[in-house]
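First the structure, then my questions, so here it is.
Residue numbering begins at 1 within each chain, and the chains themselves are lettered A, B, C, D, E and F in the order written.
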């Protein structure tokens, strides 16, 4: 990919807006539980991954995150994402009935690289979840999303999720990021 | 408070004659406080697998009850289990989950401890302490005993505890043998950790629970993530051992094992629900290792109090974090020489079955946290819990090999044994008393 | 702890002779624990209004103390109040605030309970339990008694509690009659719920508090949201009943009622502060229903322990959530046949007066939470609270109708009666003892 | 209203920026307690509404929120909003003296529909409040705001607030959203 | 500085995007612990300041914040910022070993004033920090940043941080805002 | 709970013969509860500096233990210390940290208290209370004694406490004299406040801790923020006083003081580590004020229980907020007539050394919170802490001036004295008992 910096300010702005527009719509689908539509926004070769983060001393920071192929919280292809979504449709998905109420907030959207076909975006996310009368979870961290143009429209080709927590302080992660 | 009274008297929490349990053991803070003293501070607790400590200085942080401990390999290659608290003011001497170090330098005043916990350097020992400090006396607190069985490292804080192998007994050892029989194991990088709002015992008793699968994990079954016959088969085997250890879950007959052996050779015949499991028992050395009965069991071992060993490649530690919170720590262990494709598949299954985002496990926490809540209500608390499934209808069968077991259908024998043993641990005032008064493994009708 | 000592001895918390109260009843966790057992687990508690359960299977979730209960209408049309905890492991069988269901299927292992709490299906009852489980014994915990008065549904967990109507007595019944006299009521969709950092009793005693309006709600008065004469009138009437029930607030004379009647017909004459209230007592059937004294009272009834009935169309339950937290649940009830414009106005008032964003109620929580804080300080805690307003200066007037009452100015009779009764509840070890030893409604000088 | 999608990217970007500019300024006025100026940004027919949300089973989700005309936490016209603001000016508004310190953060701003006169915006909000030495509240959810042009300037014509909490975990809602 | 309002919408949008682009990149450097690069984005005369906020009655609000020259939590010039950063490099900075995991989220970015050389920006910030297995801190408030063009590139010339908390509910503030 | 037993028996927590301390004093909630009663509710506690209350009506909010108090100057110019809780329902009468007011009007019902705490107005006193309320009896709770020493205002809630000057004794007074000798002080606007997860005593014992500097603050030293010789000099002086007061830290000889005096006049000679400190003792009036020994001490005074006075321009109050939380409140005091440049430099140092973002203090909290954690583990808790540095190797030197002291190297005399005194406070049931049985300042070998 060519360096995003080579574009002029107006071009960068336009591209950033286009990415944000996609990301906000996509986040909205998750919060509105329109998960089939969400899945349709993913490319067939999507890689959806959340490695495990560990509290490490400065000198050991190179192994703060697990590497691809090792253990992870999410390491999904499209089929697996489909299973997660299907699960919620068939009933007996107790963790989500009554459903969680989620809010996917995306900020500090920065384009790292871009070309005619792909946009690589870095952003901060805050996934807020509240359940039943008073359960609350907040998952905060950084994401790297690869957006790809498929016949005119942007699609999500890769989502790498770098959570700031090490121990997951929630009873489950039954929602998509 | 009533709490105190409850905890210190001798009322039986668990009534073996009726299989009925008092809910308060899941919610009373005083009972929890006693558990830390009478169970975790006494038992042999799993701390890590040897492969997690490849070199001298490699360490892994864990807990015994709520006491934080560091498992670390020293220069002699020995593994030490150290209490993570400086003898000077009590500061932590290590804050990382894992890593490698040359020593444990306290960040407060710089007392420095060697990898075996010995206090080796005190700033100003001569100038300020005038050499009037006996370093030998002020090392880090250490586990009273550390031992390893087939690469699984355990520690106890109680010097009067029996040796690990005696503690495990044949049932605990068999439980570990089952996963060890996969090959020469090493931990795959990445321990999954998450926190549930449930009492630790509810997480433990669930590992014997082949009854909840169809309902709790109904969605996973309905989407075909896992085949129902394999996930909740009718033929079950339960093996119970002293001090609360047990193995419960699917079991097959020798005939079925043989059938699979023939079929897998000939390639002729219908697949069966037990194929994936039976495949792991083809090797005669494995059958040798597990014994005639053990080789037919595909159940879930629990090393009392809180180490669940799964049927395949994972173990899960249920770490207590207060009366109402528990952390689940998932360790994944693979044979070093596993072919890449099998390894990839096994890791895929590990990543997607259990853990906070696991297609199965997602739904468990919700039930356990609400069961804990259901043990709190001032009036609800008075209602007994029913652990009576199958009680009095099964019989322990002896075996020439000595491998006694119960062969039956889905049941709650494992859970009952857990609480019966738990009660003996709670009532004993010392290891001596526990050794003298604990129940032998059951025999006859159960 | 000292807490324990405090709570279990017989020191009077409330001194009826001086009207002085010990702050620790608002902060001692052990006293709170006892309240759950001695008050909420014994009393008749409001659970819902019949209109919230229109059909069979309709349910509404509520609490009795901190025990979660489901009010549900069964196929016979009867209303059941069930403890929301499965008999098997204690899991919740319902997680929604309200809705409709055919049965309560436990999400852990699928035990299925009918709408009346009976255990109707156990997976594997034959195969796994070998039919050796008496379903009749293992239904959901149920309220010992459920009864409804004028559509208001109450439940008690204590089988020895007296019948609801005796429990309410004429004062509690009158309190409910006051709102019931509005017409054929139904709950407007939407129960407002929010959580305060205060002890529940401070929220309860405030409902009798016609003294705080001018100051606490000064801003609302200053902007003219509500007229001061109507919000805090001088002429007050207090009616006290056995077991702690009471009604306190504005009262008018028969002459004033008649004056309004004439004026409202003729249309001639000055508006008065009591017009809005008096308008609701014009109907002779209403006067009949409330009696000669009741018809002249526009006070706030409290159904002991924690149900506030407002002057107009709302009731507020004060749900305890620990010693320092309380939830306020606002239910709004309108006559089914209320004309649309009146209905719209009434809902506007309901939405903007009380509730967390209510122009009046916004300012209450701040005071109650700080009063709770003021009961915690190690030394501050030793200072008595003054509940003596008007003590010894008023007289209970009897009435041929039997409707005794105090007619006076702004006062703290209701609060004193609440704590006096509360103390009797706390000191009684059973309903039998409470019935034998509780104070009769006061007479003479109070 | 015409579909926003019919506009080209540059137009959508410009319109979105215009809406954000308005929303950020308006949020700033609330946080700076310049409430009279805030009220001046509302049209005379503004509808300011927060329905009550309930924890419901999946099968009953259609009644998750109360409907207009039923009970709500806010159901205000301009006059009522004025009362709330006036209340703080006249003294004895104890819940706000000492005043709360609020931070209105608006993100994922998406235009749903727009025409020459009106812009309908969906967004995520996070209203953070801290009071006294250590009280903290966070209200998170989704908002739908209708912005209308009145002689050249945008004004707030409708604000519908969909909070993610069911039980309000705060002692009051003495602040505007 | 000339009033920002004098610019037309397109100009304002471009300038705002330019500021955001800078702020997001700068926030990223802090979260990625690339502190030397971050410091290089500061002008030599930077003033980095966080006054002390107090809970005050409405009538005393004029003294809610301490004034320049009085006590503050941060009152740094570039040299002092350098010391903070150097501290982390030399070892024995125990509060940051293992390092905190931070997430600097910036929103509601509004330009207050701008000219050819400088842009004065107001924004909402949320600095989230998690440490070890489960420590979590959230610092939320308002910032005023002065950005200045130095040979073509934007630099941070002033950062004034107005935290919403009065008592700092954290064991330290060992991270930059 | 065991907690209760622990706290109420007479087991010595601190063993003076070995310098060993029981960790549980940092984690046992019951011990904490007792501290609030036996230490904070009894001691003279620092509340503010007179300059913070410039005019009548000026107030500053503080805590005594966990009881919130208002220090306020009344119309007579006297300073009152009032419990912030209304006598009617207990509501706070003030919610601001500081400011100015004419009176304290309760926001609940409008009881109005004068600046001296007297109840001056009750709405409806005549109409509602029928004048039957003795306002004189229902004022705000007040400190039993308030006194000021050199502008530092202290208060005690115990009427039987000795006068402030006797309480301070010569050591406490000297501690305050040290900062007072800087000139005519006033507080610089802005008290830094932040909350740590540590027991308050760990924050207090650290003020005597000249041992941790090189390690805890290693990074600050390495970047040269502060010179090591001055931050952790070898020559130390410790002065111990009755009831737990003390002064510990750098000390110089008279010769060194004189050397500096000569050198600072002549300008000839090498700078020394003590220059910055010695400069502040040049003035003969200062030497007079501090006495021959005091003038040579540059240590940290602690006014028992929790007021740290630094060497330069700050004081830090360690405010307990529960057994595991402590707030640090930093006050900065400058001579009114300090030249602008010196003032600017002093404020720079104050802003960047201590406080949550201070280059030094950032690293302290981490150590103290982990030391608190290290006192919680069920087993870790049983391990003793070592406070024995230098024990038995030093001697208290008397002085004709009466200023006894220990001159030695880095040591833990101050910490040992703190816990020895703390134990006496905890075991005494009253001031009378404490006065009778507390240890005199040590003499001879320590």
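Points to keep in mind about this one:
Rule of thumb we're sticking to: a contact is a pair of C-beta atoms (placed from the backbone, for glycine too) under 8 Å apart; a residue touches a chain by one contact, two chains touch by 3 or more.
The structure displayed is predicted, hence computed values, not measured ones.
Common neighbours of chain C and chain D, listed by label, are A, F. Copies chain C and chain F of the same sequence differ in orientation by 120 degrees, per CA superposition (steps of 5). Copies chain D and chain E of the same chain sequence form an interface built mainly from non-equivalent positions, shared numbers / all numbers used being under half.
Centroids built from CA atoms put chain E at 51 Å from chain C. Taking each chain's centre as the average of its CA atoms, chain A and chain E sit 27 Å apart.
The distance from the centre of chain B to the centre of chain C, each centre being the mean of the chain's C-alpha atoms, comes to 49 Å.
Residue positions of chain C touching 2 or more other chains: 1, 95-97, 107, 193, 195, 215-216, 363, 366-367. Under the contact definition stated at the top, the residues of chain A that touch 2 or more other chains are 13, 55-57, 92, 94, 97-98, 107, 126, 132-134, 166-167, 169.
Pairwise chain contacts in this structure: A-B, A-C, A-D, A-E, B-C, B-E, B-F, C-D, C-F, D-E, D-F, E-F.
Residues of chain B that touch chain C in their complex: 1-2, 23, 26, 202, 209, 211-212, 214-216, 234, 363, 366-367, 370-380, 383-386, 388-393, 409-411. Listed in rising order, the residues of chain A touching chain C in the complex are 92, 94, 97-98, 132-134. For chain E in complex with chain F, the touching residues are 50-52, 54-57, 59-60, 63, 66-67, 69-76, 80, 83-84, 86-88, 90-95, 166-174.
The touching residues of chain C, counted against chain D in their complex, run 95-101, 188-197, 215-220, 222-223, 225, 327, 330, 332, 344, 347-348, 350-352, 355-357, 359, 361-363, 365-367, 369. For chain B in complex with chain E, the residues that touch the partner chain are 95-97, 107, 193, 195.
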